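Paired with subunit B in one complex and with subunit C in the other, subunit A is shared by the two complexes that follow.
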Partner chain A sequence: MAGKKKKKSLMEKKEQRAAYVFLIPAFLGLSLITYIPLLAAMAIGFTDLRTGHFVRNRVLPPPRFVGFDNFVEIFTNPTIDFLNSIGVTVYYALFAVISSVFYSFFIAILLNRKIPGRAILRAIFYLPYILPAAAVMISWHFLLRYEGGLINYFLVNLGFERSHFLSASETVIPSLVMIAVWQCGNLIVIFLAGLQNVPRVYLEAAEIDGANFLKRFRHITVPCMTPIIFFNMLMSLVVSLQVVVPALSVTRGGPGKSSMFMTFLMYHVGFREGDLGKGSAISFIFFILAAILAAILFMTSKSWIFYEEGED
Partner chain B sequence: MFTKSGMQNKKQNEKFCNRLAFTVLILIAAMVMLPIYWIFRSSLMGSLDIFIWPPKFLPMGTINPSEWNWSNYTIRSANFVFLRNLMNSFAISVPCVIFGTATAISCAYAFARLNFTGKRFLFSLCIGSMLLPTMVTLIPLYMAWTYLGFVDSYWPLILPYLCGGGAFNIFLLRQFIRTIPRDLDEAAKIDGAGYWQILFNIIIPSIRPAIIVISLLIFITTWNDLLQQMIYIHSADKYTLVLGLTAFFGNFKADFAGMFAATVLTFTPGLIIYLVCQRYFIEGIVMTGMKN
Partner chain C sequence: MKIKKILALILTAVMLMSIVTACGSSSDYNCKCDVIQLEFSIWGDESERESTQGALDVFNAMQSDIFVSLVQIPNEQYGERLRTLQTANNMPDCGMIDERTAIGWTREGLIKKIDIYEGQPSRPFAGITFSDGGQPIGYSIGSEVLALWFNRDMFDAAGVPYPPTTLDTAWQWDEFIEVAKLLTLDANGNNLNSPNFDATSIVQYGVYVNQWAWQLEVWALSNGGRWYSEDGTRAVFDDAAIEAMQKVYDLHLVHGVAPFNPAQTDDGWWDSVGAGNVAMCTEGQWATGFTMFSDINYGVGVLPYMKQQANITAGGPVGVFADTKHPEAAATFLRWYSDPESNWAPILDGWVMPNTTDWFTEEAKLTRWIDEVPNRARLDARAFRTAVADVALHPGTVPTGWYYTPGTDQIDRVLIPALVEAANGSKTVKEVIESVRPALEAAVSGN
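So, the complex of A and B:
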């Protein structure tokens, strides 16, 4: 008996060693690419590091600690206008998360029915997601033109006023949200995956009990889907908060500063102007903001996520 | 309770619902496709015809109405060198896909099948990094790559994919591996197979759809990653497709036709790869079952 036990622990040791070998890339990645840089970013935010000298000579000048100067500066400097940037980013992110989650859930429910051409339709709805975001933005820029843009042609024909879309500060964020919704095929696919796991037995039992489609949807599908809804909201939130491609490729943060997203501001201050300290300060605040929003989502989730029994 | 007519009624009801769903989906799908079609249409027209009012839905010009203007595709601008940019994009994405997929498989296997101390902690670190905005790490990473002298090369874009290929991909693969019955690897283990053998002979063949999914996801992310490419690539001869297109857009001079042709060219490679694998792709994600 004792011999067997010893042998087993030897096997366990072997398994453990194998596991660590398999995990070397993840270890390296998590430490070198993710968590150490995260800590470094926080530290750099308190220094006056700049790119210029460093990029040319690859010699790091001894960083000077400037305390909270960078933070005070970004919040008070009107050319950086950080508060505006925070507002714009949060506005876009909340708007985009809610719209795309609603839209993709709706489409996924329709796609989950037994309808002809389901595979092709699924492929079509996923398609915008795989197109390069920069090319997508440039295309939409032309579609949304005030002069001769296709969307305005439709608006006029339906009896609406023409809109400036991306070239007016009131409409730029809603227009970008519309494009984000158009591109959210990945959420649709994840919802579809979830819908396949809604236990058929529940639905059939409810049907036998005479529950109509809406009732079944409300009392079975939605509760079973709440974990997926939460996952999609969370992922969509993290992605939307970091929105940058529209500003990089088309709007340049404008018109005015109406699409000056935080990531774009960080890119602008940190890389264009070479002020790594202030750039890091921006990303530090961004990190805290993202963490707060995610925490709020997590906290509310306890009250609306339905957990099945026997989950691991 | 269940009279025959009641059952029939229900069936008819169901049929009606399906038809309604189908109509709504077709309408929305048409709206989804319209912008893509519009870009294609515009790429075949003369610059002056693209924005005429009312717009023409078929690519017919005013000058020679019957002819499609394929000549836009012999792009005139020196800023958009399609073939070179295309090769550059591949030079980044292909190694990323290979390294990223390989390392993600190995990590996912360990998380799904092997027992070791600190598993829970490491796994939550891994999942936690999904929530971590990559934008926060950009400046420190930029400094590190500069220090190593890798700026204006593709290494800063490729090397991170040697490290697990992204938490979401590891997660997806792990979920998929857990759906495979353990009996198979137990049996192999009894036959004296090592962990590598189990991985190569049992796990990898049975998770092929998930592997296709994550290779495509990695391909799309690296292909489309404008921000990091802008940060690390400076010389024009190293420009990728999206960088080339953005630069072209930045200083195009009313050459709308050329712009649209360049956009279509930027779309195509991803489109072709997607069309070839789309069946596996969506099935793969659906099959992983995204539980928890």
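So, the complex of A and C:
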């Protein structure tokens, strides 16, 4: 029957019309809240628009098309130094994604075993994820303080040197990654759900054949979990690239420029300093960069994701 | 199917109506059309909202031409929120302005370039007047200077005389360090001069100099240096300024009399004297307000100096926003609101000092806002007069950079994180400043 178009019945046509009508709110919502602003932001990136242009009796000359000037300036203006922000953000994102995925997979494996208090432990590991991000950051700031911080108190009492954690260029990103890892309760839950769907029949067959835990894990659990690992990596990558709370609430992009994340810079330039053109240019490049990193992840996925029933 | 269709149409209609309603203006809601309606925006917490609303209630009751309603915005989002309101053509008529953005916002046209005191017999003193190219563009509603705050009990326990309270007896920087050493104690009660002092178990530091970026400018001036050129067109950060800042960081790095202070957040008071583990700290006059939240036995003295007496003024200004339809009414209200007699609560609570010269020179007025205000009287009103009030009009006290320099908001964005590396000793102040100098210069010049 392929290639032969089936004539739609009256009932089907009516249902189709109803479906379109019901889709209107979602379409309008997506268009107004997502797609139109996205396109507008891209367009604004090619203008010198500022907040001052929205004043009725404005003193600024009318906004004008400036081509790629904003894109050039965000890389050359020393007050912005966007190249540094890209480096810092990518470093943080990759570090956070890899650490979070390893940590959450490990914890999920432990929580998947029949251990006493498993339900409570699952809740404990999930809890950080639902706490308000700014409150979490400020609490960690106090814990990680050089003087009077609880972590340094323990380090000193255990005979180690104090660490500056959030107040030294070398340690700020690892410290922020540690906090991000602590907060990745959602990844643990997703891994747990995946682990419970690993076919028991494979594991039991392997066990009968004499495979030990490590072999079962390496050759059965991990391959079955690769779609989940991919999903968690993708979600974690998107969230990590958008990191802004640590800079907003504690580090202010420092020490030096070592935590001057792209989103923080975009927020500062666009909203605080009112330069909507440059802010949009930053967001446009941010969008492209996120898309490239996601595309790389998708491209590599073909070589390492195992689909039990083949790819669709 | 008919029911489905009708339901779908109703849902669509409701959604479209809600969009249209949301986009519509609500400015005429509850309109008292016979009076001018103004919106006045402030930052601050619930207590500030209450005290400001109290002032507005008085204004609204005393006349029938203008009705002012309050718009409260959280401090940390204030500028961003106002900019967003401007893009939605929903900006308040007037309000408080972030000091760092006052000149930039005026140049951008977000604030009307009008002098609310034009033609008036008196106006706030020059030290708290914002100007652009020599023309006044705004005034702080209260004045502030920096002072040295201390814990009397810690001084008594160490047998050390209290800090000087007059400018002519102020400590020179090295004297200040020597006193701080006597007040830096380990767990066994040994001070830093003792041979038995254990630097790994410090329980009390001698001093905490507030390193929140803008407050460091005072030490540059004290050392004969400058952050900005006098006309506000250049970022200077000369050698004397750099040396002064290094001296401040060396209190921790070299002398060990101050705790590590990365100044990534603005909580100097509550990290030091207010926390009860530091004997002295530098902070603005507004710390008078903080003292009411704890039972520590506070005192106040004058800042120490490096080469010359110096202090800086500060204070949040108010302004008329660009799109108001009633600029004259807004100016009238702001003038009234900026008058200490009208807006007494922040002065009474200790958050600000008055903003006109007469309050600093006429004995009856000085008595009203110092001796008769418990928060200041318990610091020792006489000490407060000489250590704080007299300093406000002293020739060595000059406006902070943001009163005459554009781009100080951008400078903060660059300088605050950069200086953490000087605070932790991984770089010298000179290295830090030279690494960000192009950015500082670009921020001030607007290029």
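Basically, the second predicted complex is superposed on the first by the 284 of 312 C-alpha atoms of A that agree within 3 Å, B and C clash if a C-alpha of one lies under 4 Å from a C-alpha of the other, contacts with A are read in each partner's own complex, and residues count from 1 in each chain.
Here is the rule we use: contacts are C-beta pairs under 8 Å (C-beta built on N, C-alpha and C of every residue); 3 or more make two chains touch, one makes a residue touch a chain.
Not measured: the values here are computed from a predicted model.
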item: Contacts of A:Pro78 with subunit B and subunit C, given as first, second, both or neither; value: second
item: Touching partner for A:Leu143 - first (subunit B), second (subunit C), both, neither; value: first
item: Partner chain(s) touched by A:Phe271 [first = subunit B, second = subunit C, both, neither]; value: both
item: Subunit B versus subunit C as contact partner of A:Leu28, first or second or both or neither; value: both
item: Which of subunit B and subunit C A:Ile98 touches, first, second, both or neither; value: neither
item: Which superposed partner A:Ala18 touches (first subunit B, second subunit C, both, neither); value: both
item: Greater residue coverage of subunit A in the superposed arrangement, subunit B or subunit C; value: B
item: Touching partner for A:Ala206 - first (subunit B), second (subunit C), both, neither; value: neither
item: First, second, both or neither for A:Lys114, with subunit B first and subunit C second; value: first
item: Partner chain(s) touched by A:Lys257 [first = subunit B, second = subunit C, both, neither]; value: second
item: Touching both subunit B and subunit C, residues of subunit A; value: 18, 22, 25, 28, 32, 51, 54-55, 58, 60, 147-148, 250, 267, 271
item: Footprint of subunit A on subunit C - complex, ascending; value: 1, 4-5, 8-9, 11-12, 15, 19, 79-80, 83-84, 86-87, 89, 104, 107-110, 200, 259-260, 262, 264-265, 322-323, 409-410, 413-414, 416-418, 420-421, 423-424, 426, 435-436, 438-439, 442-443
item: Contacting residues of subunit A [partner subunit C, same complex]; value: 14, 18, 21-22, 24-25, 28, 32, 50-52, 54-60, 77-79, 81, 141, 146-148, 156, 164, 166-169, 250-257, 259-260, 267-268, 271-274
item: Sites on subunit A touched by subunit B in the complex; value: 12, 15-16, 18-20, 22-23, 25-30, 32-38, 40-41, 44, 49, 51, 54-55, 58, 60, 107, 110-111, 113-117, 119, 121-135, 138-140, 142-143, 145, 147-150, 153, 182, 189-190, 192-194, 196-197, 213, 227-228, 231, 234-235, 238, 241-242, 244-245, 248-250, 262-263, 266-267, 270-271, 276, 279-280, 283-284, 286-287, 290, 294, 311-312
item: Residues of subunit B defined as touching subunit A within the complex; value: 17-18, 21-22, 24-26, 28-29, 32-36, 38-39, 42, 50-55, 103, 106-107, 109-111, 114-117, 119, 122, 125-126, 129-144, 146-147, 149, 151, 160, 162-164, 168, 170, 194-195, 216, 220, 223-224, 226-227, 230-231, 241-242, 245-246, 249, 256, 259-260, 263, 266-267, 270-271, 274, 278-279, 281-282, 285-292
